[in-house]
Each structure stands twice: as C-alpha cells, then as structure tokens.
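Okay, so chain A shows up in both of these, paired with chain B first and chain C after.
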Partner chain A sequence: MKRWTPIMALFVVVALILTACPSPTPEVKVVKETVIVEKEVVKEVQVGQPIHIVARCKAAPPHEEGRCNNLVSAVGAANAALAEKGDDRRIELEIIQDNADWGDYKTEFELASDAGQAPDIVCSGHEHIGDWGPAGYLVDVTAMLGDYTEFDDVIDALWASTEWNGKRWGVPQDAEARPMFYNKTLLAELGWSDADIESLPDRIMSGEFTWEDMFDTAEEAVKAGVVKEGNGWWHRPKNGGDFLYYYYTAGGEIVGDGDALIFDKAAALKVYEKLYAAVDRGILSDTRLDGDWTGWHTGITDGDVLFAFGGSWNWAEWFSNYVADRGGQDYLWEHFGFAAIPGMANGTGKPTTLTHPLIYMISSASEHPDLALLLISKASVKELNTDYAIASGHLGILKSQAEYGPYMSAKFLTQVLPLLDVTTFLPNSPHWSAWSNGYYEGIQAAESGFSAEDALDLAVDYLQNELGENVVIR
Partner chain B sequence: MTTATFESGSQSGVKRFLGRTLPYVLLVLSISPIVLGYAWLIIATFSYRTEGLFPIDAAGNIGGWTLSNWSFLTDPAIWRVTLNSFVLAVGMVIGVGFVSSMAAYSLSRMNFAGRKGFLSLTLLLHAFPSVTLLIAIFFVLNFLSKIPAIGAWFGYNTLGGVALVMISLDLPLGIWLMKGFFDNLSWDMERAALIDGASRFRVWWEIIIPLIKPGLAALAIFNFLSGWSAFLIPFTFTVGSKVANLPVYMRQMISDTAPTNWNMIAAVGMFQLIPVLIFFIFTQEMLLSVYAGGSKGGT
Partner chain C sequence: MAEAVMGRKVIRGQKPPSRWAQFKATMGAWGFMGPATVLVLVFFFLPVVILFVISLTDLSSSNFSDPLTFVGLNNYVRLFRDRFFPKILGNTFFYVAVTLSCFNVGMALLLALLTTHINRRAGFFFRLIWLLPRITPSVIYILMWRRISHQPPFGLINQLLAPFGVEPQYWLFEQPWLFVILVNGFVGASFGLILFSSAIEAIPRDLITAAKVDGASTWQSIRDIVLPMIRWPLLFVTTYQTLSLLTSFEYILLLTEGGPGLYTTEVWALTAYKRALKTYFGHNQWGYGAAWGFVLVIIGIAMSIIYLRVFRFNELVQEPKIDVL
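What follows is the complex of A and B.
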C-alpha cells in the first residue's frame, strides 16, 4: 500500500492538471500592423482521389508560420483548379513546421531524400539549391513553371536566386533585406540631434556615413558610458549569410566565370582588420559569436546596444516576441531605426544589404510534383504572401504587391523596400558551405585576438584544404 | 588525572559526533545540487518564470503560479509522441531481453568455435558511441526501407527502424549482463533436466529463465529507461512528429531564434519523468541487484 501512495498522488496531480488545463493559447501576444488583407476564400473541393502531399517548413513561431500555413490556405484553391480541369485528384496536405536549427533541418532533408522519403515540398534557403540540385534531390521546375500563370507575377530579379546550372529549381517564398538597426534613444544620449538621427539612413545611402564612421560613433558611445564595453556594435551570434556582405563591401567577389568560387584575399583581410579593430577598440565583445540568439534579441530590444546588423524579419520577431508588452511596433518605431549597411570607406564605399529568399522546392522523391507546384502557385498570390510579409517582416515576392493596398500601407515594409536597390545575394553553389565556413574561420580568429593576417592564413588554409580546385584564391 | 580523563572523554565524544554527522553533511552537500535541480523543475512547471527557486510574476514579485505550462497536454501530438516513446521503450525491453537472454545462455553454457572472439567483439561494439555509427546506421535503414513490406515497418523514418537500431546498440550490454547472471547459476538442475531428455530450448525456457527473473527484470528496467529517454537515434532518423518521441518533441519546442518557454519545457520534462518514477518505485530493488554485481539465481 505504501508503494501505491506516491503513485496515487501522482495520478491525482496529473488528473488535476488535466482538468485545470487552459486551452493552449500561446502566452506570447502577437501584435501585427492593423492591415486588413482580403483573402479569397475558396471552398475546399473534397471529391476525388485523395493525394497525400507533405510540406516541410522552418518557421519562427508565430510570425513566420505563414510559410507552411499559406500552403494549407492554398489547398482549397488548388483542389478547385483540379476540379475545373476535370482532374479527379485532390490534394490532402500534411505540414511539418518547426523552428529547428538550419543545420538539423538541412541534414533531415538530405537523409530523407537519400532514403526516398523526403517531403514533397521543402521550403529552405536559396543557397541550398547549390547543394541539393547537383545531388539530385530536387525537381527541375524550369519547364513546368509556364503552366501556372501565378508565377508571371513573381519579381523577375528573384528568379536568379532559384537558379543553378541555368535551370530553375524552385519558386521564391519570401525576400528580405538585412539592415543596420540603430538605437535612437542611445544616439540621442550621445548628443545626436533629432535631425542627425532621422537623416542617418539617407547619409548612409549617399555614402556620407561609412562603416568607419559607425565604428567611431560606437567607440564614442562606449567611452561616454552610453553603452557598456562590447555593446557598441553587434553582428549575428553565429555563422550566416550576413558576413558575406562585409566581404562584398570590402570589394570582394565570390562568383567567377567557372564553377569555382573566388576568395579575394585583399577584401577578406579588410574584413578581418575591421573585426579585430572592433574588439580591440571595445566596440564588439570577443564573445559575440556565442551562438545565443535569444540573448542577442534581448540585448538589442532592451536597449543595451547602439548598432546591430540584423534582418528585416527581426522587426516582426521583436514586436511579436520581445517588446509585445512594451507597446509592440510603436515601441520599436520610437526607439529604433534601420538603414542599409554602411559602405567601407577603404572598400567599395557603397552601402549594401543582402537578400536571402527562401524557396519552395519540390523533392525528386515526390510522386506528384505537378500537384506540389500547383499548390505552391496557389500560395504565391498577393493576398496570402502579403499576410505573411506583414506578419513576418519579410518583403513580398510579387510585382502586384507594389500596388496592393494592404502591402503598401504596411509602414515597415515600404520603408525597407528601398534597401533592395543596394542588395546582394549568396551564391547558389555546391561549394558555398565550405567557402562560408572557411571565411568564418578567419572571422572567429580575428575576433579571438589573432591578427588579421593570421586570420587570413587560417581561412586560406581551410579553403584550400576543403575546396582544392573549387576555389580561386587571389 | 581526572581532568585528563575528562578531556579524552570529551575528545572521543566530539570524534564520535563528527564521525556520525560528517558523512551526512557530506552526503547532503553532494546531493543538494540534484535535489535543488529537481525542486526547481517542479516549481518551474507551475510558474510563469522563476528567480532561483522562487516563482515570480511579470512585475518581479514572488507569486505568479500557473497551470498554463501544462497546456501541452491538450496538444494531440503529445499523446502520439508519448505512445511512440512507450512503444519504443517496451520494444526495447522485449527485443533486448529476448535476444540477450538467448545469446547469453549459449555464450555461458555452450562451447562453440569463435565464442571468445564473439564475446570480445560484443564488448568492443559497446565501446562505440552511437554517434560514430550514425552514417552506417543510416545506410542500413536506407537499405531496409527498400525491402518491400519490411521497409514500411523497419526502414528510415519508422518507429520499428528506430527500435531496431536502439535494440542493436543495447544488445552488447544486455548480453554481458545476462551472461553474468547465467554464469552464477548452478549446473545441477540444468544437467538433471538434460539427462531427463529435455531439449536445450526447454531447459532455457522452463528451468533457467525462472531462475534469472531478477536479472531479466533489471535488464528490462535499463532498457525501458534507455528507450524512454532516447534522443539521438529518433532525432536523426525520423522526420516530423509522426514517429518522434518525447525527447524529440521537447527538442522541437526549443526555438532556434524565437524565445523558448523553458517553464513549459520543464513541464514536459516532468511529464516524461512520471512513468520513470513509477517504474523506479516498483523495481528499485531489482535495479540495485544489478549494480551490486549480479544475482544468486533469484532465490
């Protein structure tokens, strides 16, 4: 009996919890811009032969969940289109959506593809086409795209991000810009006038305010005690596409005539010098690459950091998850501003940013690629994509959104849009991952106290060992 | 003289007191991090946020008790992954118990070519951490996936496939544990049964197995715990939550970029702990018999 007592107690506790449980409403309050998006509601047609389609998306909850949820919303329209054509197949969609680590996400798709069990649709970064296209994991959709008029509306420049080997391997799902965020309150504390603060984006665009000016301002803020040492400027806390635009603005090129990628030593050296100096001058902490995203978001939104290189989607992430109880977007507009990444005066001198579209791709394991593409086409309409763009802080992918009321009335999106004038992309190359890791070795070294020259040597060694003939060191 | 006697008596009293209390003090100190950890786990599951061991509300004051962290119990996926965890754990209990008890019996009682080599290799296999075998395991599961009928149950992205891998990885330990139990059994009853004409299988099943029940039970506990808390293999060889188990479900709650609700994760951890606690309450004596180095035939 004695043994049963704790068990009975546990059951009682569990039973009490079960009966007292509230419905699973997320605690996080989602604050969206008040924009009414009119969506066409298509009644789902469920007569016919059901075809099971699986879609896999990575999305930060709750604001990015439109990635897969838009496919769910498109099922009705897709089935209606099938019915209209006299096709008796009907799509039954299963979505798998979480916010897994990109590395785990990629590995999962690769293992599933090798086992012939990959989801029909995978939404992933465009640079993965460079790995998955040559590996035979994806369907070449070049010839199929013409069958769906919805794709005529996709912004022409974005198609480049879906291409490898002269063919198209998917459809853009979103786009973004990666701006420099600045804390207006801290700049004011430093003595900047309202006019100085408001004109910063324009001064960056004109090349008047450079990367070097940003560092000088950050150092001044640290010395004046406006921010703590190491909080003058933050970049992302782990490797990612952002670091490539440092290299671009330092004058580097990555894509050449052949398949091999280029590593420009002079440009990389400038980047490593800048990062070494940032740590040395107390602007950047030598532990900034700690991999902690939550700490990164919290530090910035709590007003501890003067300048931060982030992504447009951070805006939605912050008002949804970090400052929702402080006023959401209003709080962000009051305390933060954003602009293009300043140009390096000793590099190109031109401002820059980077766009990293996510792409809906179709797995070569899919038995119904036509249905998968039909579903994607119905999710790539201005109503659904605008809803996602507003909620997630990403840019639209369609030409028609430029004249679509709900999209244009979203203040953040319209203000980010001009950054696309100075945007760049990652390369779609099977060698990009290794190139990025090699370049990042140097970044880690420079921020850990290695001289820029030593950091460069480490990067070059890594690239030569990993890529051999597939990299041109110059 | 009297003073000296008093002093030595006092010293020995202090020594005795220290001798009695010091081990307890050291024990309490050494286990306190674990006890505090569990205390935090329980408190965290019922609070919005915690500061140390105290639940605090949004304003930072002590208070803010809530049951909302347990709202995951209304998510249908939790029951699916719990069932998956249970199936995996039970599958391991049955699979490892059955195969190791048969293999260990033959290794303990029979002499055949390659016996010693097999035993050494089994031990060697146990030395490999499963993470080093991931790629090789993937190729095996991939191969199994392509076999009609079998592939659907034991291939990549199936619970059967995960169970198969977990069973294989736990077999070396199981075989060695069970061999220890068989080695400790007297030959007398077995020999008598064989002389009376019983087959080897009958001897194993009707005479030996009842004698090593405590060993089997201990092995079952190990495998249940191993299957219940398995992460790496289910995480690597499954897609989505259909065939995921509780630890993988918990991993999916940890966001790459969005803030993670650690209090809800603590609640899921607590939920995962409940069956283990129940299991432990019933079987701790048997578990201790393994740690103590084997059984004397269950008598």
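What follows is the complex of A and C.
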C-alpha cells in the first residue's frame, strides 16, 4: 500500500491542478474547425446602460457580409432612437458571421437554443420558421412590428415568407430570384441571331420558349460541338431549393389544407423523366451532382456551359470572384444573359423562379427582443439594404427602393426584378426538409440511370418511410 | 512449488496471508483498476446506453425542446425497411474488408517486413514517409486527392496521362471505390506498420540467426518465425482497424459524400451521420440516426468476438506455464 500512496497522491495533486486551471475565455468564437468566424463588437461611448446583443448571420464573403454588417451600421441609429425616447439602455452589438452549410447553421441555432445560449438575432432561411416556430425558439413579432415605422416599407408579398400558424416570426432581410443563365457567345456560335438571343427572356416569359425547347437547343449544341457532352445544361451540384420549382412547373403542389405536405406523383414523374432524358441525351452529365461548387462556377464563367440554373447572387459571386480579372460585370453582360426558368410544356407551361428570402428572427432566449427588433428596423432602410443588394446580387425588400436612385441605377437588379412576377417559395413546414430529401433521392436516382418510374418509387418509399402520415402521396 | 490463486501466491509450508493483507491486496487491485474502469464506464459504456435510449425515441430537430417521446423499435423497423439498407451494409463490408486486407494489415505487414529487412536508417525513413498521410489534416489530404482525380480539364492524373493519349476523365467518379480505398488505406497502413515493425524488431535475433544457420530461406524465417511471433500485434491491429474502419466515414464524406449517384460509396457510419446530423436543410433525426449507430455498435461487438475466437485470444493471454518467484 505504501508504494501506491505516492502514486495516488500524485494523481490527486494533478487532478486538483487541472481543476484549478482557469478555462481560457476565447476572444474569437470558433463554431467549427473549418469555418471562418468573424466577431466584431461595436462599442459606442456609453451614456446609458450597455446591453449586449448578439447577431448570427450566414454570408458568403465578401459580397453577402452586409447581412450582419448592416446591423453593425444600424447600431448608431438604434441608440440615437433610444436616447430620443429617453430610454437609457444602449446597444452593444456582437456579430458572428460565416459561410457554414445550411444544415450545420440550422443545427447550431437549435443546439444553442436548447442550451439557452442562442444569439438574440439569427438571420436564416425563411423555411426554418417551419421548424423553429413550433419548437418555441423564436419570438412571435406580429404585435411588435407596428411599433417600428420602417417595417411599413417592406414589400407586402415578402411578409408571407415570415409567417407560420398565422403569425409573423421575423422580418425579411433580402429576396432573390433564381434565373436561367445562358451563354450568349455559345448561342451565337450555334447560329442564333442577336435578335434571337436578346429576345429569349421575353419568349420565355410568354411561354413561347419552353423547357423542352431549352433541352432541344442544348442537345443541338452538344451535337454541333459547341459545348462538350454534359455541358448543354447544368443545374446546381447538390441538393437545394432550386429543384422545387421543377416540380412546381411540372404542375406539382406541396402545401395542402392540413399540416401534411403533398407529393404529387404525376408532377414528380415528369421531373424525373426530364432529368433522365437530360443525361440520356448528353445534355447533362451523370456526375453533375458532384457537390463541387468551385468547379460549377468555373465551368460556367469560363464559357463551357450553354444553359445553367442558378441564383441572382451568382452574378455578384462571379464578378467578384471569378471574372474580376476579365472585366467583372462588363464581361458578364457581354457573354451572359438571364431569364426566368422556362415552363414545362407538359406541365403548367408557365415560366417560373423561386425566391428564398432570408429573415431576421429573434430568439425566444433573448432578454431584449425589443432592442433586437429596433436594431433590425434600423438595418431595414433603403440605404443599407440597397448597398447590400448591389454588392450581393440579391433583390431589395423595400417598396421605396423602386424609386431610390442607387437601386434603380443597378442594371442587374432592375432587370432581375420582373422575375418576381412568376416567383414561388419553399414551404414553411417542419416536414419540408424530409420531403426535400425524398424528392432529391429521386433526382439522384434519375440522373444515375434509374428509370423515371424507379426514381419515383424510391422517392415515394423514402417519403412514406420518413414522413408517414405527414405526407400525402397522390 | 508455487501456485497462483486469484492474484496471491500461496507457498506450501508458509502461513497464508492475513485477512487484512488480503483486503489490502484486493483494494490495491481495485485502486489500480478504478480510474480505467471509471473511464470505460463513462466514455465507452454510458454512450452506448445513451445511444440505445435515443434510438428508441423520435428525437429530431422539430421536437428537440419537447420531452422525449418513446417510439419503441419504430426506428429499427424504418431502418430495415429502407430500400438501400442491403446496399449500405454491403458497401460497408466491402470497404472494411478490402481496405483492411489490402492496406491496414496487408500493406502494413508488407512494409514492416521490407523496412525491417533493409538498412535500419533507410527503413526508418520509409516508415516516416508513410506517416505523412496520417499527420496531414483530413481536409487538406482530401483536397489533394480531389485535385489529383478531378474532372477534365483539371486533375493531376489527367495532366500526367495526357501525353500518353489517355482520354481525360473524372477519375474520382469513374473509379470511386478505388479512391475511397486508397485514401483510407494510405492513412490506415501506417498504424499497423509502426506496430508490426516494432514487434519484428523485438524478435530475438538469435532465432533468425539459428534458422539461417539451419538453412532457412528469408521466406521460411518470415513464415515460421516472424509471423507466429507477431500474432498478438496482428490480432490487435486487425481488430482495432476493423472497428476503426467500421466507424470511419470522414474521408468518404469529404471525398464523395457517399456518391457518385445513389449510395455508391455510402457506408453505414456515413448514413448514421447523415440521418442524425447532416441534411441540406438541417432536418436532423437524432433518434433515427441513433438506431443506425446502435446497429453499428452491435456489428462491431460481433466482429470483435469473432476475431477473439479466430485468433484464439485466450491462448494468447493465458498465464505463463513457468512462474518465477
């Protein structure tokens, strides 16, 4: 026993020393190893009681950083408003901004909420309201919105994206459209006249040029050697909201009367048939869903692809990061055009697009939701939102921007704006994610060589297995 | 003559130890075992229990803040009804078997034999080189492989083969399993390499010398002396690496995400991860993912038992036939 006494004593001493070591206070919050996290604390000369507010944003650097940076810019106006009201509280803002994956970003907020450590403000996709509203993570701001006149300027149609269960759970931060980009140079090589090329957006909007026409043109380009096999048409390289508008234009509905989501087999089958045919005809590569965004951007901006379904923010991404050395926006205007997504002739026949507004939401764990909303209101003004919209390729959210010089002189934004006439949204439903996964499994199958019918069977199997009574298969 | 009884030695003709001495010996044994036992219970046993409990619930991101709802074995029923369950299981066994036999044990043993039969300094250098994949950060390592096997016009392989008239291809997606196994194997081989090398170095030189004097060839000395003498590290590396491969998915996630296409390189652990933690829109099904994870634990335990029997573990750890006082 005597031999062990020193060992045990040493063990106890080491344990005590380790316990006594103070845990370091991190200066920078690290969300995960591979994610860049910025933290900026805005401190003003304190004349009142400082209130620490934390805002969390997902933003691709540098063009989307206005999401949180606009809140930083709004601190002064918010504190001035407090001073004017005789409120002695003053906002001290900390922002956490990075470009995490959507899934990780959402999970982080959920875990933080459950641990009581959620940020006061989170800027996220509107569809997350479907999960976070029922879970009690968000503040219902319906009754509070009237206290801030800035919100009267928000485009009425956008409020729908903040709603769940008849209530509003946040404030729109941005809007966008998801257009079809086309390469003008390649179309000209294919023999299209300038007039044909310039009129393409109008012909799509009128329903004259359909999805089927797009595939025929893409196939012609592949056969003529204008583009390589598989480069006639590209969609995004991984799952995402885009694929839902395929279903919409095929005639599908997703939201019904109850809480359950609808899966329309006829519409989904049309989508799977289209995708199977695209690979079969050499328009689309069977490895297109490779998850490689860099390769996707490079392929399109290098002029290798005839048609590509993307997002309005891609424009900003491309001129900032991909063609800056070739002339930036001028290069893009010279070589690329954009239009609504052509309608499927065997579906609705109508052109479409999808808008995925990001929403500023307030955590139910916030001790100062009124200050959080005040800050959001001061960030939701035309000057700040226009700066963000121009830099990021997103659309404005305010009615007054339609008459605001800097916004209206931004050629890209004004030309994208008409697409909102045919826009659609993701559903704010807690079942959306599982629905999307099932539908996407069918897409992967169709592009991997499964027949459209088999792809549909897989999707239906998945949805019934995952959602049970929360999906109506019809 | 002495006999060992429950950790104490009773020597004929001597007084048996007092009860106090026996108590002290027992407490001493527990004292040494205690910290390890606590660690095993807290970090190994308890997580399995928690995993099993969660697998019986419908815990997901949409009901995270609600009290747990137990759904019995529903998650297991869903799992076994999944159309791709047999494919994922088959992928897992294929991935483990091929990576283990070709690299983690096979290549490791081959390299250990080679590097211990050449100049000592050169052998050390080669072992060091094989450690590089292991010490390279996973993301950097996979980025490198992706660039090597990237689609035309990129990709190092395409650049190297172009002068020979080989048609450029997206090699990673043309031969996904080849790359998945190479990527994991190059990392995994170093573990066995180090253990086998040290075990081979520890074999008394006299035995090898005596065999050579008796006319044994190099192959005969390896077969009849080296391999039997390193049975213990072989058992350890095989068992440990099997379990490690069964639960590893990070390189596959970074390299192919289980693709291309539908579940082509998806292994069990990756499915568990995706179900529980990784969907594009963040619909995390922790209960369902836990069911996938718990089945993996069962598979791991079953594999361990099989290995212990195949390698006759009891014989390896049996008490020495000669006891030295």
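Basically, the second predicted complex is superposed on the first by the 428 of 474 C-alpha atoms of A that agree within 3 Å, B and C clash if a C-alpha of one lies under 4 Å from a C-alpha of the other, contacts with A are read in each partner's own complex, and residues count from 1 in each chain.
To be clear about the criterion, a residue touches a chain if its C-beta (ideal position, glycine included) is under 8 Å from a C-beta of that chain, and two chains touch if they have at least 3 such contacts.
Values in this document were obtained by computation on a predicted structure and should not be read as measured data.
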Touched partner set for A:112, first chain B, second chain C, both or neither: first
Looking at the overlay, does A:291 come into contact with chain B only (first), chain C only (second), both, or neither? second
What is the contact status of A:165 with respect to chain B (first) and chain C (second): first, second, both, or neither? neither
Please work out whether A:465 is in contact with chain B alone, chain C alone, both, or neither, and reply first, second, both or neither. second
Could you look at A:325 and tell me whether it touches chain B, chain C, both or neither (first, second, both, neither)? first
Which of chain B and chain C A:61 touches, first, second, both or neither: first
Is A:450 touching the first partner chain B, the second partner chain C, both, or neither of them? second
Does chain B (first) or chain C (second) touch A:100, or do both, or does neither? first
What part of chain A is shared between its chain B contacts and its chain C contacts? 101-102, 104, 107, 114
Mind listing the chain B positions that touch chain A in their complex? 48, 58, 67-68, 70-75, 138, 141-142, 145-146, 155-157, 235-237, 239-241, 252, 255-261, 274, 277-278, 281-282
Sites on chain A touched by chain B in the complex: 3, 6-7, 10, 14, 17-18, 20-25, 27-28, 56, 58, 60-61, 96, 98-102, 104, 107-108, 111-112, 114-117, 119, 293-294, 297, 317, 321-322, 325
Per the touch rule above, chain C residues touching chain A in the complex are 24, 27-28, 31-32, 35, 61-66, 78, 81-83, 139, 146, 150-151, 154, 170, 173, 257, 259-262, 264, 277-285
Residues of chain A touching chain C in the complex: 1, 4, 8, 11, 34, 101-107, 110, 113-114, 125, 127-128, 131, 134-137, 238-240, 286-287, 289-292, 295, 430, 432-434, 436-437, 440-441, 444-445, 447-450, 458, 461-462, 465-466
